[in-house]
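One structure coming up, written as structure tokens, with questions to follow.
Letters A, B, C, D and E mark the chains as written, and numbering starts fresh at 1 in each.
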Amino acid sequence: MTLKQGRQLQTVLLGALAWLVALTIFFPIFWMLLTSFKTEIDAFATPPQLFFTPTLENYLEIDERSDYFHFAWNSVVVSFGSTLLGMLLAVPAAYSMAFFETKRTKSTLLWMLSTKMLPPVGVLVPIYLLFKDAGLLDTKTGLVLIYTLINLPIMVWMVYTYFKEIPKEILEAARLDGATAMQEIYRVLLPISKGGLASTVLLSLILSWNEAFWSLNLTASSAAPLTALVASYSSPEGLFWAKLSAVSTLACAPILIFGWLSQKQLVRGLSFGAVK
Amino acid sequence: MSTSSLPAEGTTHASATSTSVHEERKRQSRLSLAMVSPSVLVLLAWMAVPLAMTLYFSLIRYNLLYPGDNEFVGLENFTFFLTDEGFTAGMTNTLLLVCSVLLISVVVGVLIAVLVDTPFWGRGIVRVLLISPFFIMPTVSALVWKNLLLHPVSGVFAAVWRFFGAEPIDWFSTYPMEAIILIVSWQWVPFAVLLLMTAMQSLDQEQKDAARLDGAGPIAIFWHITLPHLARPIAVVVMIETIFLLSIFAEIFTTTGGGPGYETTNLAYLIYSQALLQFDVGLASAGGLVAVVLANVAAIILIRMIGKNLTDKA
Amino acid sequence: TTVTVGTVNNGDMIIMQRLSAEFEKQHPDIKLDWVILEENVLRQRLTTDIATNGGQFDVMTIGMYEAPIWGKLGWLETMDNLPEDYDIQDVIPSVRDGLSANGTLYALPFYGESSMTFYNKDLFSKAGISMPEQPTWQQMSEFASKTHDPENGIYGMCLRGKPGWGENMALLSTMVNTYGGRWFDEEWKPEINSPQWKEAIGFYIDLMSNYGPPGVSSNGFNENQALFSSGKCAIWVDATSAAGRLLNPKESQVGDSVGFASAPVAVTPKGSGWLWAWALAIPTSSDAKEAAKEFMLWATSKSYIELVGESDGWASVPPGTRASTYDNPKYVQQAPFAALTTQAMQNADPTDSTLEPVPYTGVQFVAIPEFQSIGTQVGKMISGALSKQMTLDEALDSSQKIAEREMKRYYK
Amino acid sequence: MSDLTIRNLKKSFDDVHIIKGIDLDIKDHEFVVFVGPSGCGKSTLLRLIAGLEEVTSGTIHLDEREITDVAPAKRDLAMVFQSYALYPHMSVRKNMSFALDLAGVDKNEVQRKVEDAARVLELGPLLERKPKALSGGQRQRVAIGRAIVRNPKVFLFDEPLSNLDAALRVLMRLELARLHKELNATMIYVTHDQVEAMTLADKVVVLNAGRVEQVGSPLELYHHPVNQFVAGFIGTPKMAFLKGTVQTAGSDGVSVVLDCGPQYQLPHQATGLKAGDEITLGIRPEHIEVVDKDASPFKVRLDVTEHLGADTYCYINLPNGESLTVRAPGDFSGDYGQDAGLAPDLTQAHLFDATGKTIPRPRNSAQAA
Amino acid sequence: MSDLTIRNLKKSFDDVHIIKGIDLDIKDHEFVVFVGPSGCGKSTLLRLIAGLEEVTSGTIHLDEREITDVAPAKRDLAMVFQSYALYPHMSVRKNMSFALDLAGVDKNEVQRKVEDAARVLELGPLLERKPKALSGGQRQRVAIGRAIVRNPKVFLFDEPLSNLDAALRVLMRLELARLHKELNATMIYVTHDQVEAMTLADKVVVLNAGRVEQVGSPLELYHHPVNQFVAGFIGTPKMAFLKGTVQTAGSDGVSVVLDCGPQYQLPHQATGLKAGDEITLGIRPEHIEVVDKDASPFKVRLDVTEHLGADTYCYINLPNGESLTVRAPGDFSGDYGQDAGLAPDLTQAHLFDATGKTIPRPRNSAQAA
């Protein structure tokens, strides 16, 4: 075996290992997916069954019981809305902190994160009262607003790290080329940090999509997102695992598919070979 | 200063020169301020208003189920919360949970990020598989783990144990905290992977080449090149996860309900069972504030430890 | 008008949601908006809303625990002036009492339940034993020991272990009741470390340690139903509402061999079976009270029960609310547990469930705001003792302290 | 009009003083070259002029207007970074056209300009590549291209040709000279290449450790360095410095005894010198001839010789530890260890006092022809 | 022993062939310099030798052992990257000591070596800085330092001195030469600096577009380029190429009429040439003299002259569009537009046939002295 083959073998082995790890980590989700096609009895069978007669009854029941698309649409609007709004706020902030660093930068960053430290259970009532007075209860606007706020610190932090990786000469070059701050951001910074931004967007989408405390407590019916749908299938009296699996599958399918589609953006081979 | 020779130029620039030498610099800093301030202002409002209300509520008796009985009670809510029997356990468990999950997600996250940085067949799919646990809602993942995987009778783990002839483990009564840590880590490792995976790309290939020539094997490269490069993203993972982990609730609520005993009661759950269950807003506020203080302490300690990585430019 | 209905995600409510199309057809001017959530989320959601006068809901699904508390606070519309044909007298008195405060009814019951004993006849006959109609806890222990066969994945006894006031404490309260204990004395002083408690809880822990399945301390109703319905449990004491499910072949593999008995007793039959009802109520903050009431009357009426019986089969009708249901031969024929259930429902008296007198109402709970927290924390202590993280005495002493502490905040 | 006036400019990084007070006047359309040892602050000075670095103190004026704090984009200047700083996500074409696109220049116009530049820079076939797929020299050329398509008032070049081969470098040099003439732009140019400095500059600024040592035309620096530093820095191989003592100092010049032996009569102004003063004689390699060992009182032994083709450098270690270099013709052959004599052209010699300051010599004898 | 043998080495990036089949023998302890136009594949070749790039085809042997696929770390070579590739998070000291630390060299030893190198490279005071706080030239020196502390068998230098000033460059060059001697290491060196190439190399490899044009000693390349490309590439300013036609070709040489006018009799071998053949005459700037316009049949008009101090370059555009450069002494003064005559040294002239191949000349007349 030559070394070249050795290297190839090594790549194959590493690939195999990566697959193994990925499949292990994915297994619970796979199992959930599998369970969603079982009957409730099969779902709880001992030993757990890998092979069974698949049934669509869970999905049919969900379809019959709930207007999936109503919830899904709310989720889409709310999470994309808040992500968009969040990015609009976070990118300039991160830009300013990464490239015009002052003595306050570090403490500002920290402070931003500290706004997330108040546990939701501790502020439920104040927020509920505020929302009630503002007429935001059970509105998508309200959810967009609150998600933007709770995810903003994280988005700023993430975008900040990705911006920090970029050699500042590249921006200086853009500045000399006559780019305004906005052009600098949109024409140079964003394309370069596309991978990082995609991660940030995805993360924000996921966090908003899955957020289950505020979405359940601040909505009733018209603005209820998929978390509410899931909550209507989790832990009722009686066997529910298959149905829960089905509804969870449905609930995370859109975002999972979105993640799938965007994975190319997530990791874009980028080298700053243009500076030395 | 004479501008007479070139009136046209002179007049156009006169204002710029005469008003202020540092006009431009100020404009610059104003611009950068203008860029941060929207975020800062909304967050300030978002923090200040509830915080003020919380502060106020924490000083009065305020139970939703006893309306009208809102007298000022001073620090009673705080004393009550802090003297709770479960408080020490809550603190320790919070710490234990946060630290273990942090450790696991950073270590595993870094390893995975490095692993998937080399090209191999189906890397795109592997990436999505790896981050997918993050797509699952916390309650759901807790339920799936509890009932479908870790259940001592019908769970997949039990089946595996039995397959190898071992006695299935009753996770939630024998190793309740470990089980929670397992579940929470499963959800948060992908977060670390996502962040670090992206950060890996900006690692200059030539640096690795240089290190290879310097005789660094894969491990040395990892240790001396990759890891320092990942310092900042790791710092960010640590900070962000800490904030989330400090308030882990759904996973505990759905699996162990904080038990057995105080084994899995963390601060967030303590606030829930102490205050929110009986809608004692005053007490919940006090608990919330205690949590804020603790989170801040944790954050400050963390910043001390990792802060340099945060703003340092490599 | 739009009526927003907040309800819990149990099967009976799901049926109601489906059949409500019928109601909307009858009342074209009323549109129903459903908010279906799991129990804990719903409770939190509704409480925040009603306490802050949020006005998001017109019909709320609440339990026997909330009805009297909220009613007393004036948050709920009173349920008087009910139409003649609604026949409020048909509603089982103990349920009616449980939903009233100071004699005023605040909610209309949708379905009710008590607790009873389920056992696997096959396993019993294999072990050569039989279940009496009114077993005692002592007998339970014997039966469990005879049927317990962990090697083959058969466990003698399945009981709730997951901490929570509505989880393990529901069952344990009834055990304490029947062992002669109580939560509070007449001065609202907690009695959790009393000998009665020790005996009851001690018995429970022994029973579960010896004959319980693994993982008791995190098992709730669903986990036990799953175990029992897949034939892994010989005995299970839980809500009467489980009976229908155990007979339903879609959810159960033991439909042919399940047997029913009353909830076990020890010292006294008082409070040995719990009493719970899900009921519909109208918050005073509602802006569609008329329409809401219209809907409630429909959903809790005899004719609704009839409707379910016709469309979904009689085994699926909401049980435990009306005497007339149990007089209905169609129901009795399809529900072999009907007699036992009514009996249990009638025996469980929320106003008189303990051997010694108490100042509170509720069988398996205490209808005061503090109870949720106390119950949950005590439940946690007991689960700690169950999984041997602490001794029984430690657990009960801690519980006592917790309860005293909580009570002191409001009853100084 | 764009006269650049720099007054008492200082810059420190943290506590390290990098630029220590620089005064400089750069006239409109001038081609100014900065030279100086590595790390002396050339790039920093460029960056200060560009406005990329905040000044610590001092001012910069463009004509009458103070631009010390004006944003870089408003200064209308283009810069070639020492580290190139190409946009990694853009193709070569896009890298070059970026500024024009931003300025809203007409598409066809942009295309024409970029293609012109690419032709000149020999980047034609690479226009669609990303920077990471380019060689070092190609990247450098893209960086140049990015600057030249823009026609700004002021160009800042930071060692723009350092990674190009000789032939290309000559081409580029001519191209830049042409550009300078055509565009009438002011150019500020940092280089380590003496040929570039000498051929391109209207004015050379010699920097040393954050200070200006001398400003002047290339030949002025070559012939009349104000001090030993400049003398040593300009010209390659380096001027030889031979220590000596003043023997007599009179109106007809200075008589010097070198530590390494020979005694010379030099035509320099003796003002301020007296017998016994320590001085240094500076003589460039091209002004020494290797002669037969008997033909000169300056007897030496040859060390290594380097053959460059056109020239040969002879290295000579003197007995007292000093060393010097002689530039001999390409066909010179001298062997290691061979004894020889040296014949310095004394009219071209430089004399420095003990502090390193140049002792002036009469103009006529200094400037060649 | 470490003889490097490269056979038919090819490398493509995607579909672009970069290295198109290279055969090369590098002897143990040899100092080999790669020169070639920007983008011709020098860096790529170095990276292939280092094992950083996978070869597309061909083999590399170190002595008898095939190392084509050996991991870089196992080849015992050090490289100075064209882009430096410093470790950004490590101090200068750590950057330099990294390899030694990895190799487990004794702490004191490491310290000594690093400090030695730092002294030589004039990096002493910067040892604790991070790369980002260094100037371009300082970074480059760190990159050199990182390589030289290691004493490997083979050094690969990719334009290691391009960002240094002239004085420092000479110092470094001498230092590298000393190192080469002392360590007895094989050195492979890429440069665009002709002086470096000529002075350092035992052997110069001229690359062009991924192919080897010629391999030889510096003077061999200078005096006997095998083709027009090499002739034009070696020597600066560039050799002038004048097109012409063979008049007669006989045993006593070749008679040529240049398109620009003059006719010359050249001592080259006439074999294969016949009257009427197109040829190119190559003549280096240093082998032409500017004489009075009446003293030569080759009459021209001077274009610009560049004064470098030691030399003056005269550029001349011939009437037929060709151009040539003359290297005159530093004190040469010729004005723009002045008429003059040119006196080429025909014994130093080169002749190339229509395909660019050199037409040999008799040895004796070729090599000077």
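Structure notes:
Here is the rule we go by: a residue touches a chain if its C-beta (ideal position, glycine included) is under 8 Å from a C-beta of that chain, and two chains touch if they have at least 3 such contacts.
Computed from a prediction, not measured in an experiment: that's the story for all the values here.
Number of steps on the shortest path from subunit A to subunit C, with steps defined by chain touch: 1. Superposing the C-alpha atoms of subunit D onto subunit E requires a rotation of 180 degrees, rounded to the nearest 5.
Contact counts per chain pair peak at A-B. Separating the CA-averaged centres of subunit B and subunit E is a span of 57 Å.
Subunit C and subunit D have Cα centroids lying 93 Å from one another.
Averaging C-alpha coordinates per chain places the centre of subunit B 39 Å away from that of subunit C. Contact with two or more other chains is made by residues 71, 83 of subunit D. Residue positions of subunit B touching 2 or more other chains, listed in rising order: 28, 64, 147, 153-154, 204, 206, 275-276, 313-314.
Contacts with at least two other chains are made by residues 40, 44, 48, 52, 153, 226, 230, 232 of subunit C. Listing the residues of subunit C that touch subunit B in their complex gives 40, 44, 47-48, 51-52, 69, 73, 153, 162-165, 167, 213-218, 223, 226-227, 230, 232, 369-373, 376-377, 379-381, 383-387, 389-390, 395, 398, 401-402, 405-406, 409-410. Across the complex, subunit A is touched by residues 28-29, 31-33, 35-36, 38-40, 42-43, 46-47, 49-51, 53-54, 57, 64, 112, 115-116, 118-141, 143-145, 147-149, 153-156, 158-159, 162, 186, 189-191, 194-195, 197-199, 201-202, 204-206, 232-233, 236, 239-240, 243-244, 246-247, 249-250, 254, 267-268, 271-272, 275-276, 281, 284-285, 287-289, 291-292, 295-296, 299-300, 303, 307, 310-311, 313-314 of subunit B. Contact residues on subunit A toward subunit D in their complex (touch as defined above): 167, 169-170, 172-180, 183, 187-188, 191-192, 194, 270-276. Residues of subunit A that touch subunit C in their complex: 39-41, 44-46, 64-66, 124-125, 128-129, 132, 137-138, 216-217, 220-222, 224, 228, 231-240.
Contact residues of subunit D toward subunit A in the complex are 50, 52, 71-73, 77-79, 81, 83-90, 98-99, 102-103, 131-132, 139, 146, 150.
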